[in-house]
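Once you scroll down, you'll see the structures, which are given as structure tokens.
In the two complexes that follow, chain A is the common piece, with chain B as its partner first and chain C second.
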Partner chain A sequence: MLVVLFAVSVLTFLIFNVIPNGDPAVRMAGKSPTESQVEAIRAEWGFDDSLAVQYVETMKNVFGGSAISYFTQLNVRDQIVDGIPRTLSLAIGAAFLWMLGGVALGMLGASRAGRLSDRLITLLALTGVSLPVFWLGALMSYYLGFKAGWFPNGGYVPLTEDPLDWAYHLVLPCTTLAILFVGFYSRVLRSNLLDTMGEDYVRTARAKGLPEREVMRRHVLRNSLIPIVTLWGLDFGAVVAGGAILIEVVFDLQGVGQYAADSVRTLDVPPVLAVTMFGAFFIVVLNTVVDIVYAALDPRIRLT
Partner chain B sequence: MRAGTGPWRLALRRLRRDRVSLVFGGLFVALVVLAIAAPLWASVAGRGWEENNLTGKIESGGEQVDVVTPEGIPIGPQWRGEYFLGADANGRDVAVQLLYAMRNSLLIGLAAALLTTVLATLTGLIAGWYRGWVDALARSSLDVLWAFPVILLGVALGTSLAIGGLQVGPVTIGPGSVLIPILIIGVVFVPYMARPLRGRVLALREQEFVEAARAQGAGSWRIMSSELLPNIASTVIVFAPLMVANAIMLEAALSFLGVGVDPSLGSMINEGIERLITAPHLTIVPGLMLVLTVLALNVFGDGVRDAFDPRTEVRVGR
Partner chain C sequence: MTGEPLLSVRDLTVAFATENGSVRAADGVSLDLAAGEILALVGESGSGKSVTALSIMGLLGSRNVEVGGSVRFDGGELLGAPVTELQRVRGAEVAMIFQDPLSALNPVMRIGDQIAEQILAHEDVAEGQAADRAVALLRRVGIPRPEARARGYAHELSGGMRQRSMIAMALSCKPRVLIADEPTTALDVTVQAQILDLIRELRDETGAAVLFVTHDLAVVAELADRVAVMDAGRIVEQATVEQLFDSPGHPRTRALLEAVPRLDGPLGGGLATPPGEPLLELEHLEVRFRSGGGVLGRGGTEVRAVDDVTLALAPGEALGLVGESGCGKTTLARAALRLIDPSSGSIRFAGRDITSAGRRELASLRGELQIVFQDPKGSLNPRKRVREIVGLPLRMGGTAAGAIDARVLELLAAVRLAPELAARWPHELSGGQAQRVGIARALAREPRLLVLDEPVSALDVTVQAQVVDLLADLRRDLGIALLFVAHDLSVVRQVSDRVAVMYLGKLVELGPAEALYARPAHPYTATLLEAVPVPDPHARPRSGERPVETAGDAGVPATQPAGCVFHPRCAHATEICRAVEPPLTHYPDGRVAACHHPRNVTPDELSAATRSPDSPLGAGVDAPAAA
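Coming up: the complex of A and B.
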């Protein structure tokens, strides 16, 4: 795990320092800098050191919490800490919605398998997956927020400030993000359910005389949900790590994702390194948690 | 059905019976044809996609109307040859721009998906077959790529490359080139396809036909190409439409964030959002096109998957 994180950090650093032809010292110096100005900046920020030294210094700063953005001169860690609750609120809210919606639609589709309603649900699910998140978000924000006035037009209210307003502001962004995933999850669940329903142990349970509802609850649902849970963990990690960027930008939530997007576009290395590390760390941790949970839920894996 | 019909014929037969998937597959082909015909439409509309027209006037509803009003509001769809879908803030023809943007999106999507397929197949085959340190190396690389938040990686690479282009030995790729998104998107999606392929190879290599081939004296590459490859081909085919759809979506997201080529569906949507109040067609039109394209691919891809994997065939009744 540590190796992966290290590799990610090195890769990120290289992407920004090796590929572009832009010299950060020149960029920071502003318009028509003199040579000595550029030199001074270079010395102050250590740009004239070798890449390896620069890398070590930047990493020390990032982990020590003293990294400062090249551009805004603001402390990177403070910005990220500010952004985390926003991104997490979005991710958790959306994840909750999409689980609910995905399971509901998946069960509906499986129970009516093959019939018209099932095919319509599948089509609906596929449409949900095909909607560009930023487009949908913009349209919802405009038509439901601005024009109809049912919801705020974007922005974020901290939970500590006003819980009701916090939730109110999150409805549109979470729903938008959820729509994309509901489509995917409902179909995975549906196919899992159909597979499980044909398994021998389900037939045995029915033969034993168990009522259908019990069969569904005790055997079918539990086993079909296991892969869903693992997928859910992975997707949740992906959303927090960066999938939230587009929604945050469209709804102006000022979360970690938006911070990352802004920093990347100005090739601002410290924030991007920090956010990427944060994101990669989150993904790796969640991958491990998912593996553990999977083993806990599925007794067959524990025995191997 | 004759006994001994191969799995490919069976799959094709199942696919042919799936009307809905075929319709959507046809829709995708139609969209490709439309995109190819972009220059044709440009001549019908009377202007290229880049031609500004801030001061022009055209006839609309019987009177002369500004293409772009002094306040900067462009006209909406005219449903005629000129400005069929309206104009943008610079007076450019939206329909023409749309078709050229589709060209880019489709080109990048298809090429990137192809790149992903080739890289993932190679990686999956080599890692799964040789195992040992080769596999460990491949898996770690895939893990690193996997751990990178996709969009962040795409934006990071796109931004860096957009500034200075790329120089690989003697080959220089300009900053605005289509090759950059193709490379980025193609590489980013490799783990998603390589992992399942590697799994398949790991399972296949234990089977008797592989052992038989080895007993016949076939070398590694021979086995990989004539035994393993045809058997993972169905997995590759099932993944393919999905990969193209995802590539197109990622390309749109990247160009929405300002890291892509021009013209592009994503950047059109980005510009359109700024004018959502006064000219909603600027946002709605490219968005709908994108949805249609991706949806067509998704539904068709779903049909392909069903055709190859009858396990998921619906069992009605108990």
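Coming up: the complex of A and C.
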């Protein structure tokens, strides 16, 4: 895990150092600076040190919470801490929606496999997966938010301030993000369900005289959901770690993703590094959580 | 039989709709089953026996299947009955046991819950009560520590214990009819013997009727009262078990009976320990695996799949290698070919040490060392025609392109396949044909040693007999040495000159086939032979007549006990067996056994016995003594 984080941070740091026009001193000095001004900034921020020293210094600051943005001069940690509840709200709401929708559509599709309604669901799912998220977001925001006025036109209200308004602001971004995943999840669950229905132990369950509902619930659905739960954890991690950048920007949520996007635009190394670390750390942690949950759900891979 | 039968099947017809029209899997099947009776439904794969069993309970599913005729249980019609009525009968009145207990049990649900679930579906009892009954049922079917097992999962149990759990589940609501679909086919002989005893005992105790579906006539002879023989969807003969075995009426029945491998049948081998330099020599060979363990592979237990085995195979000799599943026989065979790398010990082939031969050196030897796998279809590339499959080793071996086709036809003829088959795809072959193609491929480069890993266990008995004949002929005509790995002792007997018996990674007995089958020296060999069902209903064992060793099963190889590996299951074990590993002892008639208290050994033989130089390095020096 530490190796992964180290590799990710070094790569990110190097990429931002080889980008053309990336010299932060020149950019910080403002329009038409003098050579001595640039030199002064370089010395002050340590840009004249070797790359290795710069890397170590920056990482120290990132982990110590004292990293400062080159351009906004704001503390990076404060910015991220401010963004986390926004990103998490979006990710949790969307994950909840797409799981619910995926399970419902997946079960519907599997129970009518091959019939017209199954094909319609498939079509719908593929459409959802193929829609570009920024386009769908913009469309929803424009028609449902701006034109119809049913929903707020972007923005975020903290949960602690007004829970209702918080939820109200999250409806559109969460739905937009969920639509992308629902299609995918319903497809996976549908094929899992159909595979499981052919298993010998499902025949055993019927031979035991269980009512069909119990057969489906206890034997088919439960076993089909196990791989989905794994997928869910990984996708959730990816969304929190920056997968929702587009949604955050479209709906102006000011989350971690949007912060990262803004920082990349200005080639602002400390925030980019910090967000990258945060994302990588989160994904690694969630992977571990998923492994543990998986072992709890499926006794066959329980660690002995 | 008095009055109306309990279960009565009349003119049952099952048709599957396929792209090429409808296929009749069962065609006018009529059966009667009385209370307390065991009726065996016998036939080869595809004869319609399983389809018949499943359609009695309406378990075939509704898509693309058309079921006609009548199935009456206790006076009520089951075919076409409403689902709620079927659900009332299923599990409570008519219960089923399936072939593969691992896949028939839900892998993520506790065993106890799976049993309790069935009780709760049929009876108005509290959940705690159902759970208690589940434990009592597990105890009844002979599962040790039933409380712990009820909380466990299917994968934690051995095959025999799984099938016992399945039986406990089937019995949970005291059904009046038990349908068992090949319930012992996936099990070792010793475990099969226990399960058959259990089914017979339960029938005596509960008076339930049993419909026993099987392909194995030897099992039928051990268990059934009456037999119905199926062929191509029809019942061709019905008789009491004695009538059927004494005077089979239908040609199909006679063909099935003739194909049954027998322990008292003719021996296949003939050459007794051929002279000359050995072709394959394994010295103190060990293969260890790690199981479990932490993130970086530390910790966990080491499994000794093959534990200090020394064996030699002469050119042209046929050596049978037998043992229960998990005894290491397949690992040993693969290690001998260097398909698995040994952990220690050495392998010599034709005088050449190949223990650490590199890839290139092995590749040059591959033509002389060939293997035939258990799953005939799974080991053929589905995207290549038979011609290409058999021709590939020739091409790799540098045969001129023009000569390949002629040689392929020659090889097909050698395994008695028609030349037309060269153009077929693997999925167009029957199981027997596919295995012949596998053998033809292995023969392509004229190997000196052919390793056969359970080559016939996936085949029907009649096909099995043909393939075994073919192997015996090939060996005689071509002089190839065979290492024949199988769990079926009666099949091994038909092919082998010598037989080696393995238990938990150890070689426990090795000897000329005739001596070993007639006078097994090691108690484990005796146990295995005792457990083989005898295809003669007059020689049926009474309940409780089996020797003690048959009880229990090999367990997990991880738990290799100290001293003699077999002592926990052995009725003759004494203090020395628990402490000292027995050396391999050579007896005058050629038998070699690792036992402190050998069976079937005369005092003279005992005094003439010598310690074999092939004994494991850790074995003691004590000479065997009478028990």
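Simple rule for what comes next: the second predicted complex is superposed on the first by the 299 of 304 C-alpha atoms of A that agree within 3 Å, B and C clash if a C-alpha of one lies under 4 Å from a C-alpha of the other, contacts with A are read in each partner's own complex, and residues count from 1 in each chain.
In this section, a contact is a pair of C-beta atoms (placed from the backbone, for glycine too) under 8 Å apart; a residue touches a chain by one contact, two chains touch by 3 or more.
Please read all numbers here as calculations on a predicted model, not as lab measurements.
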Touched partner set for A:Leu97, first chain B, second chain C, both or neither: neither
Contacts of A:Leu297 with chain B and chain C, given as first, second, both or neither: second
First (chain B), second (chain C), both or neither touched by A:Gly243: first
Greater chain A contact set [chain C / chain B]: B
Touched partner set for A:Met59, first chain B, second chain C, both or neither: neither
First, second, both or neither for A:Ala178, with chain B first and chain C second: neither
Partner chain(s) touched by A:Ala7 [first = chain B, second = chain C, both, neither]: first
Contacts of A:Tyr201 with chain B and chain C, given as first, second, both or neither: second
Chain A residues contacted in one complex by chain B, in the other by chain C: 206
Contact footprint of chain A on chain B as seen in their complex: 20, 140, 143-144, 146-152, 155-157, 159-161, 163-164, 166, 245, 249, 252-253, 256-259, 266, 269, 273, 276-277, 280, 283-284, 287, 290-291, 294-295, 298-299, 302, 311-312, 314-316, 318
Partner chain C, residues of chain A touching it in the complex: 199-201, 203-212, 214, 218-219, 222-223, 226, 297-300, 303-304
Residues on chain A engaged by chain B in the complex (per definition of touch): 3-5, 7-8, 11-12, 15-16, 19-22, 113-115, 118-119, 122-123, 126-127, 129-135, 138-139, 142, 146, 191, 194-195, 197-198, 206, 238, 241-243, 245-246, 249-250, 260-261, 264-265, 267, 272, 275-276, 279-280, 283-284
Chain A contact footprint on chain C (complex, rising order): 57, 59, 83, 86-92, 95-96, 98, 100, 103-109, 117-118, 121-122, 153, 155-156, 166, 169, 292
